[in-house]
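In this document, chain identifiers A, B, C and D correspond to the written order of the chains, with residue numbering beginning at 1 in each.
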Amino acid sequence: MDTKIKAAIIGASGYSGEELLRILLKHEAVEVTCITSRQYAGQTIGEVFPRFAESTLKFSAPSIDEIASSSDVAFLALPHGVAAEFAVPLIEKGLKVIDISADFRLKSKEKYKQYYGAEHPAPHLMEMSVYGAPERKREMIKGAQLVACPGCYPTSITLPLHPLLKEGLIESDNIISSSMSGVSGAGRKVAVDYIFPECNESVRPYGVTGHRHLPEIEQELAESAGVEDVKINFIPHLIPVNRGIHSTIIAKLKDGVTPDDIYNCWQKYYKDESFVRVLPKGKLADTKHVTLTNICEIAFACDEHTGNIILSSAIDNLTKGASGQAVQCMNILFDLDETTGL
Amino acid sequence: MDTKIKAAIIGASGYSGEELLRILLKHEAVEVTCITSRQYAGQTIGEVFPRFAESTLKFSAPSIDEIASSSDVAFLALPHGVAAEFAVPLIEKGLKVIDISADFRLKSKEKYKQYYGAEHPAPHLMEMSVYGAPERKREMIKGAQLVACPGCYPTSITLPLHPLLKEGLIESDNIISSSMSGVSGAGRKVAVDYIFPECNESVRPYGVTGHRHLPEIEQELAESAGVEDVKINFIPHLIPVNRGIHSTIIAKLKDGVTPDDIYNCWQKYYKDESFVRVLPKGKLADTKHVTLTNICEIAFACDEHTGNIILSSAIDNLTKGASGQAVQCMNILFDLDETTGL
Amino acid sequence: MDTKIKAAIIGASGYSGEELLRILLKHEAVEVTCITSRQYAGQTIGEVFPRFAESTLKFSAPSIDEIASSSDVAFLALPHGVAAEFAVPLIEKGLKVIDISADFRLKSKEKYKQYYGAEHPAPHLMEMSVYGAPERKREMIKGAQLVACPGCYPTSITLPLHPLLKEGLIESDNIISSSMSGVSGAGRKVAVDYIFPECNESVRPYGVTGHRHLPEIEQELAESAGVEDVKINFIPHLIPVNRGIHSTIIAKLKDGVTPDDIYNCWQKYYKDESFVRVLPKGKLADTKHVTLTNICEIAFACDEHTGNIILSSAIDNLTKGASGQAVQCMNILFDLDETTGL
Amino acid sequence: MDTKIKAAIIGASGYSGEELLRILLKHEAVEVTCITSRQYAGQTIGEVFPRFAESTLKFSAPSIDEIASSSDVAFLALPHGVAAEFAVPLIEKGLKVIDISADFRLKSKEKYKQYYGAEHPAPHLMEMSVYGAPERKREMIKGAQLVACPGCYPTSITLPLHPLLKEGLIESDNIISSSMSGVSGAGRKVAVDYIFPECNESVRPYGVTGHRHLPEIEQELAESAGVEDVKINFIPHLIPVNRGIHSTIIAKLKDGVTPDDIYNCWQKYYKDESFVRVLPKGKLADTKHVTLTNICEIAFACDEHTGNIILSSAIDNLTKGASGQAVQCMNILFDLDETTGL
């Protein structure tokens, strides 16, 4: 037992926190030592989440000292802004920090301010943070102290696009992603827009210009394409499912690129990846295939009619889109088999 | 009572037929005289649809003579191909025919063959048929004997786009529609893909290239734009709702076009339309606002970032997307107030 | 227009208020003159409910004088306790008041205090109020000034039981009702228990002892049975649908009572009722048959095995369970055909 | 690898089969050697269930010889009647057989015939079969060759009732269970009643007298109560969720029995059980707490008003209600820790 990784979950009462608990409580190499929640401090885990009633953990109010003394790694499942407040002292105390919030995803302070409406709360940490996309940045994650887990939408969009941009099979201009998310993507947020009768039998777009995930997606796609700047249309929708994101992405195929080229490119990048499933040609992704898994399912169709390619990707927004990917990063950080517990 | 319109519903046991019944049984100027269904012939309406148990109608096997002798107008709620078989003799016998199937929507026999995989079953009727889009073709519908009701997806796509193409505010190239439909859009079809556990907690695209609604949409958009040919990407998705289609449409704004131009253009075309709701700037469409109504709700956002416009439209696929629009056409044909019974 | 009934809706922004709007805005004999909401005062109806964007009504803050001067009848779609505060002055000013809250349903001040945790706010009005169950109290409603609309669960339970208790076909002891309600039954309430991911893919009982609808149900059943006191188990459940209540009721058949006796008894009481549908023997009720209608569907099965009868009833909780029944009462009060607008 | 249990899944393409695959493909002590399906013979598992695309298993047509030569244990995920046809030869060949169908649950040939409408297909095996309820029959399961896994509804009903009947805290007469099941309980059956639009926004009872699970429940409750015969009302309902059964059970408390007595009795029987969760007093069960787990959650409320007790239980119908419990039985049969892989 001594050799288990001691993990703290800061902000454990939201959906990302609950999903971390689901994974880590069964993770053979991890002991969850500390779970914090201001709202539920003092309550047992079973009182808040009956699903975990068999555990004896208790929520505590967050205390840097307590977290630092009890843990090797801290997962921050907090709102942006608040996450940075915890990251700073925990990093100073030598913990590894895996941040599920948006605080350390962007490399540009200007973009942060533009999209989040405030100065970045800890700019000195922006450079040391590593963007936690294992399929692209595995080696960098290994040595990181601060990992910024990708957003849910960005994960579903960058995984299918990265190899195609990297290999120059598609244009990096005029990419469009029409994405659909289950309601847990809004967090365990109590607002009239998210009560059952307002979501059920409804589908609606939101944040169709200037969504906070937009600069993150563009930053990562620009890196994949090796260009300075990429501009896309990212159009999220809310649909009446609990978990799952599907992204339908439209891009311009470069001249002469064939369906086989696409398929082979994906195979080259992903055939040894445990958490990317390239579907056979002719199939399209479906969120129900990946619910409660850490897998991103990707598929495509080339449209001769317009010369565009249509990409289809599906993830569980709370697993590969948040907490599962966070644990995947932790496995890398601590030199475990990347699939442990997932 | 003598002066009521006598209406037959051919193929009344599917979802479009059921929706016609819902509307017509309460329509003050209509008497439903004949409802046919091979499967349910002999059964009362209440045995098949308990919702209508208060009516005394009975299903009969379809007979041209019986339909013709009992009715002024026949609604064809049949699969394509079969609809034409009924349309031919009913037209000959002088009935007005309102076809909800796809048989008379396309103007090109070649496209019909390409997308439906068979020769057109009644090419001589193609020319006489009027495409039943009241907001664009009200005058033509008035004098028609055969009305081809638009498809559900096409209705949700052409209504927001028509004024913008007509007035030249957007490019007609590179239009993309990412559309989401409730499961009733698949009809009352019994297949494993449509049973509850396969649809619930799932979202998936299908028919992303070459969908049968594609040539219909392109035909109508070309007419709006005044060009010979328009090529779009039309990408439908199945989502877990009973009723409703939402289309998110991306197009290139022409230089100098402002949000006010868009709004004013829509106002010009639609402010007197009973069944098109232009949302205030800043709002986006939601299927739940239009469930069980004949209204198409439209909204937009201009994205300075990419220079694109994002359109958002919502209809009830069975009402404005099928049977409600069919009744709207009937009202026009019979010189009633267009909103009667809707 | 002068002869239209002028109706005010007090508390028009909840689900019952919205349902009243849906019905009354199309009611040929009613003009909605005043809709109040503290939260939305000053906003147009379309801003709050895009579904009604075609109306030009505006929410106002509730003012007794304004309501009284503009209206013949006031619908109170308010929380219990608050409703009585409005009922008192509006009754004094001579308006007819139709209360959808629970304030005037109970005849016993003691029960009110026991179940609602406070003294009754207007005991002098308790006696003058008429319980708005048209099928049982039509004549009393005609002359009423204050109508207390039945609760949603009570409506679904008393309609099937009333004739059987009245005619002595079943025992009045040991009746059990296992009822299931859609989430709109909780009102437009913003609480973590009602957000989509907590309700979807979930079914749970609540309030299984001492629910506030219990004394109301028992009061009405005792009246039907002609006994002083009836004690039942009423067990409500929350299920992931928007609208609908289904009640499964188990009772002891009296010796020698046959299925035909049950069926004939229901026919005797309900065959001329517009809003009670007795299903054919062998069928059971389904909420989807009555969604958005004012109908209560009832059915039964006799179980020889145990000697019990199982009753099955379905209503739309917002229509027959609240606002539809309120309008039915209004039609009676104002001597209209009882089905007008429904 | 040599020491792994070799398991065959006969009828692997239904929902119970899929759930067995979900569990067994990750079970550390099991190698799935054979999966059969007439319909999908020759296809890879990934073609039928994309969720398992990472496995290389292939469906084959069922062959007794192939199953027997490749496997130590066979899971029968087949319709009743068909299961027995496989059980007979597999038992003869010495395999252990775990039957998820209903063929070997009843001890009475007469009841089988009465409820299943045919002579029992293998009466000689009825006696040797052990009813696979681990919490009650662990020791008998250990030595069994043929395990009859309990039905989903019976599991949810017998687990909360067993200790209370055994200890005489409640009457065994007049027990009522109002149970609600998700649609996967109907199997992967393609029928109009189970397509999405017929199930969504619907709740309906079915089989309210004479359901096939009734004699099984009564048989097991009689055993718990130590009486010859128990007669109950079992009333199942279909609700729009994928997975989950909730049973609300009403029974008469014996004189003088207190809530503490109930709680303590459950603790006595279940505090060391891994798969029964006794909720704290005041809480009620919710299917979402147990989705995709092998846990049965139980809770209760005593109603002083009527002297009845209300029990609330929740399981995942495909896990504890079918395939999870089957694996729990397999773990017992093969002397593994009972929770392995669950």
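By our rule, a contact is a pair of C-beta atoms (placed from the backbone, for glycine too) under 8 Å apart; a residue touches a chain by one contact, two chains touch by 3 or more.
Model, not experiment: these values are computed from the prediction.
J.: Based on which chains touch which, give the shortest step count from chain A to chain D.
T.: The fewest steps needed to get from chain A to chain D is 1.
J.: For the interfaces B-C and A-C, which has the higher count of C-beta pairs in contact?
T.: Between the chain pairs B-C and A-C, A-C carries more contacts.
J.: Between chain A and chain B, what distance separates the C-alpha centroids? Give it in angstrom.
T.: Averaging C-alpha atoms per chain gives centres 39 Å apart.
J.: Using mean CA coordinates as chain centres, what's the gap between chain B and chain C in Å?
T.: Computed value for the inter-centroid distance: 37 Å.
J.: Once you find the CA centre of chain A and the CA centre of chain C, what distance in Å lies between them?
T.: 46
J.: At which residue positions does chain B touch at least two other chains?
T.: Residues 182, 200-201, 240-243, 286, 288 of chain B each touch two or more of the other chains.
J.: Using the touch definition from the top, list the residues of chain D that touch chain B in their complex.
T.: So the residues of chain D touching chain B come out as 15, 182-184, 188-192, 194-197, 199-201, 240-243.
J.: Once bound in the complex, which stretches of chain D touch chain C?
T.: 174, 176, 178, 180, 182, 198, 200-206, 208-210, 214, 231-233, 235, 237, 239-244, 246, 248, 250, 284-288, 291, 301-306, 308, 310, 312, 314
J.: If we count contacts the way the header does, which residues on chain B are in touch with chain C in the complex?
T.: Within the complex, chain B touches chain C at residues 47, 50-51, 53-54, 201, 274, 277, 279-280, 283, 286, 288-290, 292-293, 297.
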